[in-house]
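The data blocks that follow each hold one structure.
Across the two complexes that follow, subunit A remains constant while its partner is subunit B and subsequently subunit C.
This part shows the complex of A and B:
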């Protein structure tokens, strides 16, 4: 039992938290700008590398570097929107999808040119896990990741429900035409969507670096589970995306847990879980679990 | 470089360029005719390549296969299997907004890559399959064989082009364009949108599979490295958008021009010292990414824009 919690459930929740942070951005961008953002994973990588640079230059811990990395990633996202996505806004959104596919490549190769391709860690050495009740072992990085994600989820909920900007965002996501007629400034909402999405993506990227290591394919590899999480939660529903991310993260770890000596899937097929969930959703419930919408 | 060396460099260039031309024509069927976004070209290419490799290579102890079948059989089965994968994905996704198909197709490519790397009994894992034959290998050798192969590739380019061109001017092609440009209007005159879109996706997938099998025969050795999404999926997209989506000649021209830029810059950067040579590979990627953005914003109809065929009176 404790083995199940220590080696499957807690890593699953950690991975799920990382997916959740990324999926919020994917879901918001899909809801408000109406396109699947293929460069979102590489925004995560960008955040992770900005933090890596700060850790190297200033010698601070990655958690201290996080706010600056988030700000930096937000600026990158706003620049990308200005340069590559806004010029295509009047066209069918599929052109923006193609552009974002290219932006993913631009970000990744820029990182490869600047930092090289080898993997790095924020702080070398083995961290001893904390032990509770004699048998519950949690690494402190897992506690940091899970608790930060929890705090973000609560903050996001209140922001979307009660703040003026949050309500405008939901309005644009529900019906952009009506929102514009009602006098909501769409461009401002879009800018804020990018800032929120990029900040959370940077956070997720740094968490991947804390949990494993920082490498140039870090974000691209997470794209599929993040899309699946956003679909699972219902497009344009950030809270749903958080739930979706957790479900997928936990499912990915649990499929390799041996029940009576047999595990459902070998660990090397872990990343197939997100895809299977995505296909089942697209067949039976493309609007997602939580009353999401199906974009036309 | 001697004139002879230059000529065979050109032959190698045209061989790979021809394989890309088939990929690009296939993508043009899906995207140019049908408006269907496929972000998983590498997956269909891998299915075709491994099918061809397993069916035609000689017996081997390290993986299934060694069926030693004729190359034509391999090509046909490669197309059929790749088409089946396309059918499954299209059945699920074409009824939804294009973005969903994009997400699912990138997923299928990822799954196929996982299978290829993990199922060693089938594909020999990351070590790859060796000893894949080329057509008429016993009759020609050395440089003559290179010439025979480039002719073989371009015969298949011609076949793909004729099929694509025939589809374009046929009533079927007219319906596809109508659906792409206004699906509601097409549905209102009784066209079964889902059936037509599924068909387009399958036809495209078949030719992507054939292109994959061809490259397996060309390399004679095929490992998961050759299905790198950047080199297959992304480059093919840039080729089609730059050449002119919707136009078959544009697709071939785009494939050759982008492949020329890609391989010439590689030749130039290989002259640099080693450390800079690896780094400049990423600079080339970066420039190709920026080039795509430029084309999308300024040059959207491409080099050879789409021209709908004239309606011929009966």
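This part shows the complex of A and C:
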């Protein structure tokens, strides 16, 4: 039983937390700007590398570097919007989707030019996990990742429910025309969407680096599970995206747990889990768990 | 007048034909490398070695009568589909005469099947080790200068038993490289009396392998054999095993013998671990001067994995083109064995100019490189050397060699 919690459930929640942070941005951008942002994974990578630079130059821990990396990534996202996405906003969204694909390649190549293609770690060596009650093993970085994600989820919930800006965002997500007529400043909402999405993406990227290593395909590799999580939660529903991320992360880890000595699925097919969940969901409940918008 | 004009044109035409006949021809050769992806950390010195060969050819008088020899580098991300795209770009857009690469087995096999073989382009890999390549229907267009994993798997099994380890668990990555070497290792180890207590394949690029490792740790194995790229899943597997106390002794192949492993887990934790990898012959007099030259040109890196092989592969391709006398791709394929296999006048690294003169004189040549003799058999394979490595300081040290 403890083996199940230590080596399957906790890594699953950790992975799910990372997916969740990335999926919130994907879901919000999808909801408010109405396009699938393929460069979101590479925004994660950008955040992870800004933090890496700060760790190298200032010698601080990646958690200390995180706020600056988040701010840097937000600036990058706003610049990308200004340069590439805003000029295309009036055109059919497929233009923006393709543009975001190009932006993903540009970001990744820039990172490769600036930092090289090698993988790096924030700190070398390994740490023994903390042990509670003689049996529960959990690495301190996993406690950090999971608790930060929980805090973000709570903060996001109150922000969207009770703040003026949060309510505007929900209004634009539900019906942009009506929101505009009601006097909501759409551009301000869009800017804030990018800032939130980018900050959470940077956080997710740093967490991946903290958990394993920092490399240039870090975010790109996680893009598809993040999209699956956003769909699972319901498009335009940030809280749904968090739930979706956790479900997919946990499911990926749990499927290889041997029940009575037999694994449900060989570990080499872990990656397929996100897509199986996504497909089943699209067939039986296309609006997602949290009743998001239907894809058209 | 009319006649003069016509004869003038004829003379001009003739002159043009003659001059193209003797004019130097510039030659482009593709270098298919996993610049990004799980092998990224290996690349810089490997690429430098290929560049050194390129420089040697150009400094030694150029190729095909003084033409410029150019390497066109293309990123295959050490994965199947991106490598097919990269190879296709090399062949169809850059119109290269031959391809040096890919590095990983999966990338090499995919690019060969989808691009090199159908387009009849010689592909010579400096590093791909999968047994699959031996029996591939390649119309003789695919070669490599490292021994097959049939060989490395057997040698590794012997090394492990020599260390007195009788029971191991094997974690291998689900691609041509991992599946190939794990299979040959398991068969050889069991036939020599060892027990494989757990045998589990995994997917690259995941963040947690704790679940699989926990299961494998319960099998009672003395050590974990990790057949994966350090930058892909290997280092994570070792790190997570150490953190959770699943295993404390690791046995790796060439994919794991990457500096990033030491960077990630620290040298102390790897004190009892050991590694196998294709290597250069122990007493090769060519190696010393070559490594000095390499370090002089690039500052460092001559001791890194596959530097020797990368130089030799590039040089062999250049020699085959020179021998073929043109960029005709099939002629290049046919010339490769002639320049690499005995008999013939021996050519060593840095002797490009001598080779050109011998080829012009019609003398048979036999290239003997830094990484071995390179005598290709009918399948395009070579026999070679496997080294045993341990961690010393912040790098690897070779402590044994098996032929």
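As a working rule, the second predicted complex is superposed on the first by the 295 of 296 C-alpha atoms of A that agree within 3 Å, B and C clash if a C-alpha of one lies under 4 Å from a C-alpha of the other, contacts with A are read in each partner's own complex, and residues count from 1 in each chain.
Convention: a residue touches a chain if its C-beta (ideal position, glycine included) is under 8 Å from a C-beta of that chain, and two chains touch if they have at least 3 such contacts.
Computed from a predicted model, the values in this text were never measured in an experiment.
J.: If subunit A is used to align the two complexes, do subunit B and subunit C fit next to each other or clash?
T.: clash
J.: Just checking: does A:266 make contact with subunit B only, subunit C only, both, or neither of them? Give me first, second, both or neither.
T.: both
J.: Tell me which partner A:256 touches in the superposition: subunit B (first), subunit C (second), both or neither.
T.: Second partner only, subunit C.
J.: Based on the superposed arrangement, let me know which partner A:159 touches: subunit B (first), subunit C (second), both, or neither?
T.: In the superposition, A:159 contacts neither subunit B nor subunit C.
J.: Mind working out whether A:115 is in touch with subunit B, subunit C, both or neither, as first, second, both or neither?
T.: neither
J.: If we overlay the two complexes on their shared chain A, which of subunit B and subunit C does A:192 touch? Say first, second, both or neither.
T.: Neither subunit B nor subunit C is touched by A:192.
J.: Using the touch definition from the top, say if A:87 reaches subunit B (first), subunit C (second), both or neither.
T.: After superposition on chain A, A:87 lies in contact with subunit B alone.
J.: Give the one stretch of subunit B, out of 222-230, 240-248, 276-284 or 294-302, that collides with subunit C after superposing.
T.: The superposed arrangement places subunit B into subunit C at 222-230.
J.: Quick check on the output: what are the common subunit A residues between the subunit B footprint and the subunit C footprint?
T.: The overlap between the subunit B and subunit C interfaces on subunit A comprises residues 108, 112, 116, 266, 268-269, 271.
J.: Under the touch definition given earlier, write down the residues of subunit C that touch subunit A in their complex.
T.: Against subunit A, the touching part of subunit C is residues 35-37, 40-41, 43-44, 77, 174, 200-203, 205-215, 231, 235-236, 239, 242-245, 260, 263-266, 269.
J.: Would you tell me which residues of subunit B are touching subunit A in their complex?
T.: Going by the criterion above, the answer is residues 35, 37, 39, 92-93, 96-100, 102-104, 106-108, 110-111, 114, 117-118, 230, 234, 237-238, 241, 279, 282-283, 285-286, 288-290, 292-293, 296-297, 300.
J.: In the complex formed with subunit C, which residues of subunit A make contact?
T.: By the definition above, subunit A touches subunit C via 3, 6-8, 11-12, 14-15, 18, 108, 112, 116-121, 124-129, 137, 139, 208, 211-213, 215-217, 221, 252-253, 256-258, 263, 266-271.
J.: How about subunit A: which of its residues touch subunit B in the complex?
T.: Residues of subunit A touching subunit B: 30, 35-36, 38, 83-84, 87-88, 93-95, 97-99, 101-103, 105-106, 108-110, 112-113, 116, 223-224, 227-228, 231, 266, 268-269, 271-272, 274-275, 278-279, 282-283, 286, 294-296.
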